[in-house]
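Attaching a single structure in structure tokens format; questions to follow.
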């Protein structure tokens, strides 16, 4: 009996191996109809299922939209070859991200990689790409350390290191807000922790008193105990790094607690998204946030992108979509300039990038310990009458900052 | 002092919400003795039904609840009848494969929701979503208070149902000793089907009450499943009153933990209490009243 | 000092007293019977002896050593084996493996455990079913498996809980034969039994209890004629 | 041991050794490595859950401790994460001792829930103890080897160790005792089996192997964060699924389950797009409904169907 079991075990394992080998031919993805033309493959790894799927889907849509535009303009044909996007789902899990990266590099022989939403998965993809010597252009993953390793194959254009999201904010703080005390709350994720760390560091340099500093686990129903505790310290300004829905709950519950500050500033992520306004309702009014992008930013094409996306997919995109859209343009630009499609050739072309996108000018530079990292342009925005307005830097402003904001009870 | 008061009030209201979700689970666990990891997913389905009612027909979540509950009752009955009850008859090495079946159900429900509704965050903003009243300088959320009292009412109704009706008594008999109940002529498979249905309907009620003040996306279930377990064990499996006490204990413990330790560690506080009760009071709070 | 002694044991479950101040002694080599109506506390006494439940108060001695307070497995190690009224076969193990699980108490070697188990199975006339999974045994064979498994731990004292319950007359005869064979092998036995024919036929002495309390003790004949015992059983019959 | 009983392991060993030369592409090799990782983790779980019947919903704790032992060595002492392969299993085992002492007082669903809670506590502590663990930022290293082959053989060796350990344990007195405890703890105790101690004998090697797997995972994937390695859904529950699909209490259960899980996951991911997790969920339901003891378990069952009979009802109770 033991024997039959073991033999069937072997058989099963072999069958399993054969199946894998079978997919090895790469036949699972039906060849495109225009396959006669040779292609340059670009692997894109995004979370299409799992907890981050919402953003993965938005980024995939945006890239496809950009691709169609480029194609219409004839820019997807580079050096006689057609750019082909190969999307892989990382299931919001890093095992799958690793598998996807391995598959794209080794099986599909992609010329370069892109994608990467969560910091964790971006880390794994970057590690794989670096050890294989394949260029990887990050879309969203913003952990500081990804571009701090000195990894030559990793490029980050449309995303800032998490601790640099606050660039424009400091200017605003120095010139207008001049707070004596700040409170920091942040989700205990990679992005939240890095952002808070960056903010804390600058506060200390500037001698701003941090009166409250706490991390929380995302997905809570009730933030009031933490907020009540924070209210007691009476900070001039609150700086909060939160996911979309935590952000709206925090705003709402601050209102419920009648917790007034001179200004509430979100650290990108949740506080700029349409879902934030929808859920927080009037509690979103006057909430400010740093951000990398908003639809009415001055860069050419930004508003068009927003409009087109909304028409096509029936939903408002946020800066994640813009990142993906701009990334597609960077890819097409770099591949268009590349002398050959070897990894080194593409790496060189990427390095020489100097492109204007809807995210602003993109260049890959080495600075402050970062490698191949674009110097981000950041903005401070504020919700005013249910619309997101740029309030800083002043030259890009679409509205004037309301500061200090009126107390909850003084609002209509 | 007002900080302490505010913390406790938040805890009590939050506890009421937790309790409502947990009542369904404690009923199911009490009768079937299985760990139902799909419970949160059932809450999620209930929330989506209420959400659709709101978006399509403008029904207030409190009314949408009346549609979501029977719908979930039906879904629960089907799951129990055609899936879990099938397993009870099967001779497997580990009875825990029932748990794994609920994991499968959870995956299917979650991914179906994702296919239909995408992963987008949804929310229902009603006029009263963030309305409050103040006692001294302590703020009290109105929808949470309403939810709290509805939770209490459901618990009381369930208690009446379990003690006053024949069906309720059959459910209790099955919970106490399945074999003995069968000898006494109780149709145990049917009772478990109805129990699972009621448990699911209560999960839907909990979800609907949370909808105005929370939000919704396909993976939301995970948040609730863990809480519901903790409360079920704190209160004692199968005890509706225990679920209320368990919910309040967890709510208050989490709030105090968030205020006085750190928001990041509040879940640890809940889990530690959970472990302590498991070890030193294995019957939950229910066993205290029996002595 | 007696071979085995139970002294004033009491067990409360919540407000309920299941065993109330029961004492008895058992001498080496005898068969000691324990009778009483349903729910009178017989099985509870077994569960107290091998410490499935802790005593509320009282003392238990085995070969001069106090054993209440020792964990269950230790009590078995000292030489007290038991069977269960509601049989507990290790369902997915074969009959042989069941008995081997008992035989491993005194050896670490599979070969020796197997030899010992085969020997015991032979003794209990169960050898022909040795490769059957325990879950597919008949009730009579399961009862026998209980005994075989306990015997494999080489007990000096064996607690038999309702070994003949649910058996037909022929199977009861066989059960009696096995019990006597065990006694003849020099193992002391305490037997809880509902089937009067069995217990009256083989016990040296009998203790009758009701509502957790002693109501009579003596030889089988004395017990059979004891008014309290008759009342208890008639009452039971009317219940 | 007869010559025959050595035959199949030898064949498997030979096949496993030459397999990477048949599948030279790094992608299938990566799949094989993932299968080996899950096979080892599954084998560790199977020892405790399948054989001794103690269904742990918290094995991610040991996997994560192994991974973090390796990662933290690098983070704080700047020494290679490979040393974690030595340290990790022992850390996991050491932590398992108090956990075992606590949880083995509980039975059935209570045990399962206690381990679940402990696993979650580890995740939360490692997330929030930022100074020591870097919290959710995780630990990132650069892979040591550019090719897959070294990883493959290390993973194979670990799996071999796991299979060897499992086989040695279950084909000894311990194996009989484990199964006795699983089948009926009271009966086992009454047969003189110190059940808590023997549960520990199953638990400690199980934690050791899980820790070893975790340490290897750190080295191979080259990035860990608490959310991933202490995950309830993706590690603790998934390992149970893997074993249950393959076959509970069957030495080949974990490897077969791992092969099915990883291979199907990849196939579904490639073919079904965003419906891949849905397909997996449906598959889980079907497997558990129709193959309740897993693929390997049911193979044995089919053999036995010939004289299968309904177990007689256990005697009614006097209680």
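Read from first to last, the chains carry the letters A, B, C and D; within each, the first residue is number 1.
Note that in this section a contact is a pair of C-beta atoms (placed from the backbone, for glycine too) under 8 Å apart; a residue touches a chain by one contact, two chains touch by 3 or more.
The shown structure was predicted, so the numbers you read here are calculated from the model rather than taken from an experiment.
**Student:** Give me the set of chains touching chain A intersected with the set touching chain D.
**Tutor:** Expected: B.
**Student:** Mean of the CA atoms for each chain, then the mean for all of them together: which chain is nearest?
**Tutor:** Checking distances from each chain centre to the full centroid gives D.
**Student:** Look at all chain centres (mean of CA atoms) and spot the one farthest from the centre of chain D.
**Tutor:** Here the answer is chain C, farthest from chain D.
**Student:** Looking at contacts between chains, which pair has the highest count of C-beta pairs?
**Tutor:** Going pair by pair, the biggest contact count turns up for A-D.
**Student:** Return the distance between the CA-based centres of chain B and chain D, expressed in whole Å.
**Tutor:** 31
**Student:** How many angstrom lie between the centres of chain C and chain D, each centre taken as the mean Cα position?
**Tutor:** That pair's centroid distance is 41 Å.
**Student:** Quick one: report the Å distance separating chain A from chain B, using the average Cα coordinate of each chain.
**Tutor:** Taking the average C-alpha coordinate of chain A and of chain B, the gap between them is 35 Å.
**Student:** What whole-Å value do you get for the distance between chain A and chain C if each is reduced to the mean of its CA atoms?
**Tutor:** 71
**Student:** Which parts of chain B, given as residue numbers and ranges, touch two or more other chains?
**Tutor:** As it turns out, chain B has residues touching two or more other chains at 91, 93, 111, 114, 262, 264, 267.
**Student:** Two or more other chains touching the same residue: where does that happen in chain D?
**Tutor:** Answer for chain D, listing residues that touch two or more other chains: 124, 127-128, 274, 277, 311, 317.
**Student:** At least two other chains touched by the same residue of chain A: list those residues.
**Tutor:** 49-50, 53, 57, 188, 215, 217
**Student:** Please name which positions on chain D make contact with chain C in the complex.
**Tutor:** Contacts found on chain D: 171-173, 176-177, 179-180, 183-184, 186-195, 307-309, 311-312, 314-315, 317-319.
**Student:** Would you tell me which residues of chain A are touching chain B in their complex?
**Tutor:** 49-54, 57, 185, 188, 214-217, 219-226, 228-229, 232, 244-245, 248-249, 252-253, 255-258, 275, 278-279, 281, 283, 315
**Student:** Considering the complex alone, what residue numbers of chain B touch chain D?
**Tutor:** Interface residues on the chain B side: 29, 33-35, 37, 83, 86-87, 90-97, 99-101, 103-108, 110-112, 114-115, 179-180, 183, 222, 226, 229-230, 233, 262, 264-265, 267-268, 271-272, 274-275, 278-279, 282.
**Student:** Can you list the residues on chain B that touch chain A in the complex?
**Tutor:** 3, 6-7, 10-11, 13-14, 17, 111, 114, 118-121, 123, 125, 129-130, 132, 134, 139, 141, 210, 213-215, 217, 219, 223, 254-256, 258-259, 262-264, 266-267
**Student:** Tell me, which parts of chain D touch chain A in their complex?
**Tutor:** Residues 4-5, 7-9, 11-12, 15, 19, 22-23, 25-28, 30-32, 34-35, 124, 127-128, 130, 135-138, 140-143, 146, 221-223, 225, 227-228, 234, 250, 252, 255-256, 259-260, 263, 265-267, 269-271, 273-274, 276-277, 295-296, 299-300, 303.
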